[in-house]
Every structure is written in C-alpha cells, then in structure tokens.
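Two complexes are shown next, each including chain A; its partner changes from chain B in the first to chain C in the second.
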Partner chain A sequence: MSQWIAACEADDIDPEDVIPFEHDGNDYAIYRSPDDAYFATDGHCTHEKTLLCDGLVMGGVIECPKHNGRFDYTSGKALGAPVLVDVRTYPVKVMDDTVYIELP
Partner chain B sequence: MSSPVARERLERYSLTGPENQAAVDAGLAGGAWFRSAVPRKRMKELMRRSDYPAVRDTIIWLGLILAFGGLGSALWIVWHSWWAVPFFLAYGVLYGSTADSRWHESGHGTAFKSRWIAESLYELSSFMIMRDPTTWRWSHTRHHTDTLVVGRDPEIAVMRPARLAKLLANYFGLVDVPVAFSLMFRHAAGRLTADEADYVPESERPRVYRTARVHLAVYAVAIGLAIGLGSWLPVVLIGGPRIYGGFMLQVYGFTQHAGMGENVLDHRLNTRTVKMCRLNRFLYWNMNYHVEHHMFPMVPYYRLPELHEEIKHDCAPVYPSLWAAYKEIVPAVLRQLRDQEYYVRRELLPGAAPFNEPTPLNDGRARPLPAATAA
Partner chain C sequence: MPARASTAEAIVIAGAGAGGVRAAFTLREQGWDGRVVLVGTEPPYERPPLSKTGEYRLICGGAALSEAGITFLAGAEAAGVDTAAHVLELADGRRLPYRSLLLTTGARARRLPFGGAPVHVLRSYADSAALRARLAPGRRVAVIGGGFIGLELAASAAALGCRVTVIELGPRLMGRAVPARVAATMAGRHVAAGVDLRCGTGVTGLAGTGSGTEITLAEGTAIEADVVVAGVGAVPETMLACAAGIETGDGIVVDERFATSAPDVFAAGDCCRYPHPLYGGQPLRLESWRAAQEHGAAAARAMLGETEPYAGVPWFWSDQHDYTLQVAGLASAADREVVRVRPDGVEIWFGLSRDGRLVAAAAAGPGNSVAKDIKLAELLIARRAAPDPVTLADPAVTLKSVLRSPVAG
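After this line comes the complex of A and B, so read on.
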C-alpha cells in the first residue's frame, strides 16, 4: 500500500534544481522546475548506477552527470542514448511548504 | 603472422577476453571513481551551457576549413601551383585532426545549449574523423565508465607493451583509415565486431548499419569524381585529410593517458592535464584539461579552465607544456616495452585528497604478459 512521505521543505530545492532523498535504503531525486512545480524520480540513472542528483536540470530535463544521458523528469521518459530505459517517477504534492512523495 | 606477445596483448585488451570478467570480479567495472569536492552551487555554474561560445568557435572552425580548402583548390585548379600545399595542409589538420575534439564535445552534448546543434556537429565530425557516430558514442560511454580498465575500455590507445609501429603509422592514419573502411563495410553489411556487440545495445544497431551505407556512398562519390575528373582533388578534400592531416590528433591524443595507470579508480592516476597555448586549446577545444573532463564530464569545454582552478589543489602539478608531457610519455612507453608493470605515478600536491586505491589490484600496474615475462 502506498504512502505519502515527507521528503524535504519546498525551499530546500532551488528553482531548476534537484536534491537527493533517501528512504528505506532507496534513493530518489526530487526536482523543482523553473516554474516551481515539484517532481520525483528514482535516484539513479537507468543506464548505470549514477546518482541523478549530481546532474544538471535544464527546464524539464535532468542530465546524468556521468554519461550525459537525459530524462524528462516530469514523465520519466528517456530522451536518447546512452539512456534507453525510462526512469520511474513518483507522485509529489506540496502541503504547508513540505514536499511529499508517494512511495509504494 | 602475429607473435605470441602481440596475440596475448590483444587478447588482454579485448573486451571479449578473460580480462573483462576479471575486471568485473575485481569491482573495477562501473566502479566508484574519485571526484574532488566541489560545492553544488559552483558545480551548477560550471555545468551551465550557452550556445554562444561553441557556436562562435564552430563558425570560426568551419570558416577556416572552407577558406583553406577553397584557397588550396583555387591555387591548384587555376594556377596548378604547389603553393596549394600549405593551404591543403592547414585544411587537412583542421579536418583530419581537430574534428576529433569537435566529435568529442558534441558527443558529450555539453558544448551547446541547443541539442540539435550538438547532434548536427556530432554527425558531421563523426564523418570527418571516420567514426560511426553510434558505435563510438557507446564506446566513449564505456571509456568514461571504465577508463583504462583492461578488458573493459575499448579506447586504450597505448597498450602495454605499446604497438609502436601502429602508433607511428597512425600519425598518417595508416591503421585507423583502413580499419575505419573495414568497419564501414562490415556495418553496411549489417554486422558488428564482437567488441562492439559488447557495448552497443540491439536497439541502436540499425542506425549503425544505415550510417555506414551513407558514409560509404559519400566516399564512393568522391572516388568516382576523382576518377572521372582525373584529379586527386576530390579525395584530397574528402577523406584524404584523415591521412595527410591526422598527425595532430595523435600528438594531442597521446597526452591523455599514455604510460599512466591501468585498472585504477582515480583519474589522477590514469589521466593528464597539460597546459597548452591558446592556439592549441582552440584546436583541441580544451581537452588538454583531461583530468577535469573525466572527473566532471558535465562541464563544457569553455568552463574547463575554471574547473581546473577549482580542483588543481587536489591533483598532481599540471604539465606546463606539450613538450613536458612528451618528455615523460616517450620514456614511459619505451620502458613499458620491457617492463609492463611500470607506469607513471605522479605525486599529488601537499594537502590533496589521497589516491582512491581500494583494492590491491587497483595499483596502476598491468599484470605482465606471460610470454613477455618469460622472454
């Protein structure tokens, strides 16, 4: 059964940036888009086990810091080689300036 | 027929040989590499892209290629003058050598903010440097994952012992060009090499086959024109620069890793940063900052000098010139002909983070070849 987990404060993330979040031994990446919407994905790139939180957010895209693989972090869609497998996304909501992520 | 040493060397460095699994078992494949600590805020500044610097540099680069090629052609066609030669030489170096750094930067996708510009330059420079854009993208991806890990990295240019005749012949493309055409024919026939099959996913392979057919068609037109016109000019302009203008690719390229550690997880042990003059840095698109590039591949070439300033305290002293680098490279490579355990191990600056050497295997030494040891 899924549950909403408090991941961070809304201001913990700069606009157009990403931070790491760890829960139950799993890594996640929490994003704040340039227009202040929040998103969450698995923490690692699907190509190799590199943390996406060290990458670069450009608009709605996260680029992996190791091999420059790119994902649309709003949908999880892989945008071309070397990433060929979409990254898993998670629902996010913001309540009272706290960012919650819905985990299974 | 190859000697036992040559066969064993190639088997060791092959991605389908036993060293691949040995590297996996030792934890070297996809390992955790050392990275200097750079604050996230500063890193974001350094990673930020802009189209302006790379578009400006690309316009200058392409403009010079067209200018030198055009002037050389005019001098040759109109006046039949040997003064065309220096112009063709400049054209050849820009085409046959410096396309390598454009290929590299556009392949990483960091040089431009606009993805379509990076991809367009990647396709063009891949053709110029005679590399399939897809297989080489995956090859370079592996090179970054497993830099100089024997049996894993397909881009180890200087093996232990070095294939000296090959390295020297390649100053004139005499190995790379025949190999490139052999691969084009293989790919056009719908086949990959065993090594390529190790790192190119199935879904990417049709693109390899299509591109090879297009590249071969262009070369066929150039050769056809040369025969039809009774002139070398078409092949001097297309394909030929990879032979007569490829020497600077080797001059720059060997500075990256030659003679340094294998099977390590710290780019300060297997990679060089070399100071170069402004002209060389333009021609090489700052790839002389190679430790920085490997440690942080997200940083575009025009921010690498700033990144160098951020992390230089964590590294060995920089090589002050190409000459200084070669004074180390040549003796090291020659010594490795008889002593494959030797490698260049530099002292870090005082206060630098220690080398990342997590297991006894990761000490930079290649395991010696049995035949070479017995000889």
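After this line comes the complex of A and C, so read on.
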C-alpha cells in the first residue's frame, strides 16, 4: 500500500536545489526545480552509495558529489558514465505549502 | 596502402583501464559499427578503491562488454606496434590489424632508488592485496611520500589500527597538485587521526632488522616499521610507444585530438601528455580517474573524425579519513589566491591567473561538503571567467550567482 508522506515545507528548498529526506530508515532526495516544480528520487547515487543531496542542481539535473555522475531528477534517467543505472523517482505533490512524497 | 584497405574495420585499444574501457564504449555510443578490440593484461577494474577500502570493483563485467560488441582479449599484452603496416603485435604472437589504434596503457608505480628491504607500492589490485594482507592493528606502517595515494593508504591503515608514519621530502603534503592551504587542512585531519607526519625529510636508506625495517632519514634519525610503502608517484607506461618510434617525453606526446606522432595511433589517459587549450596549450600529464575517462571518450570521437579539441577541466578527488579533497583546474597555473571561508568553517581556495581568470579551485572538508562549490568553480573555470576576487572571498554570495552574473559569462 503506497502512502503520501509529508516531507518538508515548500520553501525549505531553494529554487534549483535539493534537500535530504529520511523516512523509515530510507534516504530520499527532494528537489525544487528552477520553475518551482517539486520532484523526489532515491537518496543515493546508483554508482556508489553516495547521498545525492550534497550534489549540485543545475536546471533539471542533479550531479553526484562523488564522481560527477548526472541524473535527470525529473525522470530519474542516468545521463552517462559513471552512472549507468537510472535512479528511482517518486511522485510528489504540494498541498498547503507542504511537499508530500508517495512511498510504496 | 593495401594493408589498410583489408583492415579498415577494426579499432584496437591497448590497455583496459578507465581510459581504454570508456573509449571502447564511446565508440559504440557514437555509432561505430566496425570491430572494437580491447587488449588488456588486467581485467577492467577501478583503481581508486585500492588505496581507500581495498575493494575489487570491476569497471564493467564481461557481459556488458560482449553486449556492446567489444572483443576483450583478457590477459593479452601488447608487445609491439607496426605503425607502417597498422598492426598491433601481442606478446603471444597474435597480430591485430587496426584502422586506428588507441594506447591507454596508464602508468606504473615509481619505485624507490634503493633496496635493502622489501617495499610495497600501490598501483594494481595485486599490489593492494599484498599490502593489505600485512596491515593489522598495532603494525607500524611507514608511508614514504605524502602524495594523495600514500595519504589515502595512510588513512586506511590508521583506520585498521596501524601506527602510521608518513615521510615526505617536500616541505608539505601533496605539494604537486594541491595548494598549501588545502593540504594543511588535510594534514590537520591526519594528525587528529594519530598519523605521524614527517615533512621536509628524505629517506636515505633502508635496512632489514630482526624485527622489521629501519628507515634512515636525511635529518639523521631513523624509524622502524613493520610495513614500508612507497607512494612516490607514477611513471607513464610508454614502452610500447617508445619501441614503435612514437614521440614520448614524460608521457606519450599527443596533439589536441589525442593523436600521436604515428599515423592513426592515438593515446589517452595517464600515459599521455596533452596540450590543454584551457592552459594555453601547456602539455599536461594528469593522473586522474575522470580525466582518463574523458580522454578516452574524446580520443574515441577523434578516431571517428571529430576535430573539436578536448578542453575538459582537470578534476580529481581524494578521500582521506572522513574528509574528501577535490581539485578542479590546475593549481600550479595560479598566480594569486583567494580564500572563501564558509560559515561551516570549510575553506574554498581559488587560484587566479595574472589576467584575473579563475584557473583552479580546491577544498577539503568532511564528507562531500566541498563538492557543490568545487563544481561551480569548475563551471567558472571552463568558461574562462574572471570573477571579482572580493566576491569570490565573500561567503554571502553564492557561487551559483557568481556563475550567473554577466561578468562571469
């Protein structure tokens, strides 16, 4: 059964940035795009177990802080070596300035 | 040249490390549908973990190679190049005709100029396994050379409970590629972790004693150790190129498309010396995981006819204890320095050229805390930006806004 979990307030994240979110011992990354849309992915890079929230967001792309692997955080798509496996994404909605993430 | 007409379809790559493997995959990504033959004395594995966790991690498995239609000749050693006939000769006698040949033979660990006692080096997995088998709590480990591989190893050994001494000839750690201020941050972290740092003193001799190895230092004192490791740099693997009459000189000399002096022979990664457009065409030999892959990819494109020179910003990282160091650009190209002290205490170092362009940035801090700023600095370096030094030093102004300001563009 999937459920919507309140992750943060909408303005906890700067535009074009990312913050970490932990739930039930799992790490997630929550993004705010330059045009104020919100997205969520797994917290870790698919190359090694590095937290993506320490990486740089530019446009719709997050770059892993460890070896510069890049993902399109809106789709989870891995954009080339060294990351070859897509990162999992989760549905996100914003209600009353709260950002919710749908977890399985 | 009739020899070529019949062999027009194979691109052969000698050396299956970070550079060679990335080149092979890039050929496919770029649509090359001829043969790709990758020759490697070793399986394709990652070197960076060897001085950190010691883990054996493949760059890619055999299945991924065959799926991409890459013929991997495992355990094969390239022994000679017949540049006129366009043939790579293997040590086992096989002859591989090529349309283009890429040399990605990497580098080997430099050895100390004297014997007297066994000394470990660290370049291959075999080196790492032999060394790690000797690390145990309480063991006295002496690391000769305060470069980043020696320091990573020192940190791993300390974490395993060894008593570690690092001996560095230069006045400070990582003198070649890391600015003094950032090296000092790392030095502080080592000292806090109990590593004994001896800078400014050389090793003058080694002698086996009943209980270990005695290391004599130039300053006159001696150190006893159970395990001695030399981390004194790497020597580019140029033998193949030299023997074939290809121009070398601290690396295989290549042009800005990674072409060597021999027709249709290219070189990339740690083994080559590349005239970098960002630094006025200064020939650079880098020892960097990311550069090796970018070189490999750029050389692959060049072999397929791309003419745009590669101008990627040099970048490397190093993990020591719970700190990560990152350097973008070329610290030695800096004429003046600016330091930004962030509210969390982390210092970001910027190197500017005489004409005010940002040419390097470096920082060391806990976890991945320096990554974002170094990445933004890298983007500024790539743009040849000349940001205002006062702004660079001001932690209240984000580097992202510097990047987006018209001056930087």
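By definition in this document, the second predicted complex is superposed on the first by the 104 of 104 C-alpha atoms of A that agree within 3 Å, B and C clash if a C-alpha of one lies under 4 Å from a C-alpha of the other, contacts with A are read in each partner's own complex, and residues count from 1 in each chain.
Rule of thumb we're sticking to: a contact is a pair of C-beta atoms (placed from the backbone, for glycine too) under 8 Å apart; a residue touches a chain by one contact, two chains touch by 3 or more.
From a predicted model like this one, the values you see are computed outputs, not experimental measurements.
A.B. asks: Quick check on the chain A-based superposition: chain B and chain C, clash or fit?
C.D. replies: With chain A aligned, chain B runs into chain C, so clash.
A.B. asks: Per the overlay, which chain contacts more chain A residues, chain B or chain C?
C.D. replies: Here the partner covering more residues of chain A is B.
A.B. asks: Let me test your reading of the model: by the given contact rule, A:76 touches which partner, first (chain B), second (chain C), both or neither?
C.D. replies: Neither partner.
A.B. asks: Just chain B (first), just chain C (second), both, or neither: which does A:49 touch?
C.D. replies: In the superposed model, A:49 contacts chain B only, not chain C.
A.B. asks: In the superposed arrangement, does A:65 touch chain B (first), chain C (second), both or neither?
C.D. replies: Touch status of A:65: both partners.
A.B. asks: Show me the chain A residues, by the header's touch rule, that chain B contacts in one structure and chain C contacts in the other.
C.D. replies: Of chain A, residues 54-56, 63, 65-68, 81-82 contact chain B in one complex and chain C in the other.
A.B. asks: What does chain B use to touch chain A in their complex?
C.D. replies: Contacts found on chain B: 30, 43-44, 47-49, 108-110, 113, 134, 137-138, 141, 144-145, 201, 203-204, 296-298.
A.B. asks: Applying the document's contact rule, which stretches of chain A touch chain B when the two form their complex?
C.D. replies: Chain A residues touching chain B: 17, 47-49, 54-56, 58, 63, 65-68, 70, 81-82, 84.
A.B. asks: Can you list the chain C residues touching chain A in their complex?
C.D. replies: Checking each residue of chain C against chain A gives 22, 25, 289-290, 293, 315, 317, 367-369, 371-372, 375-376, 400.
A.B. asks: Which stretch or stretches of chain A touch chain C in the complex?
C.D. replies: Residues of chain A touching chain C: 16, 50-51, 54-56, 63, 65-68, 81-82.
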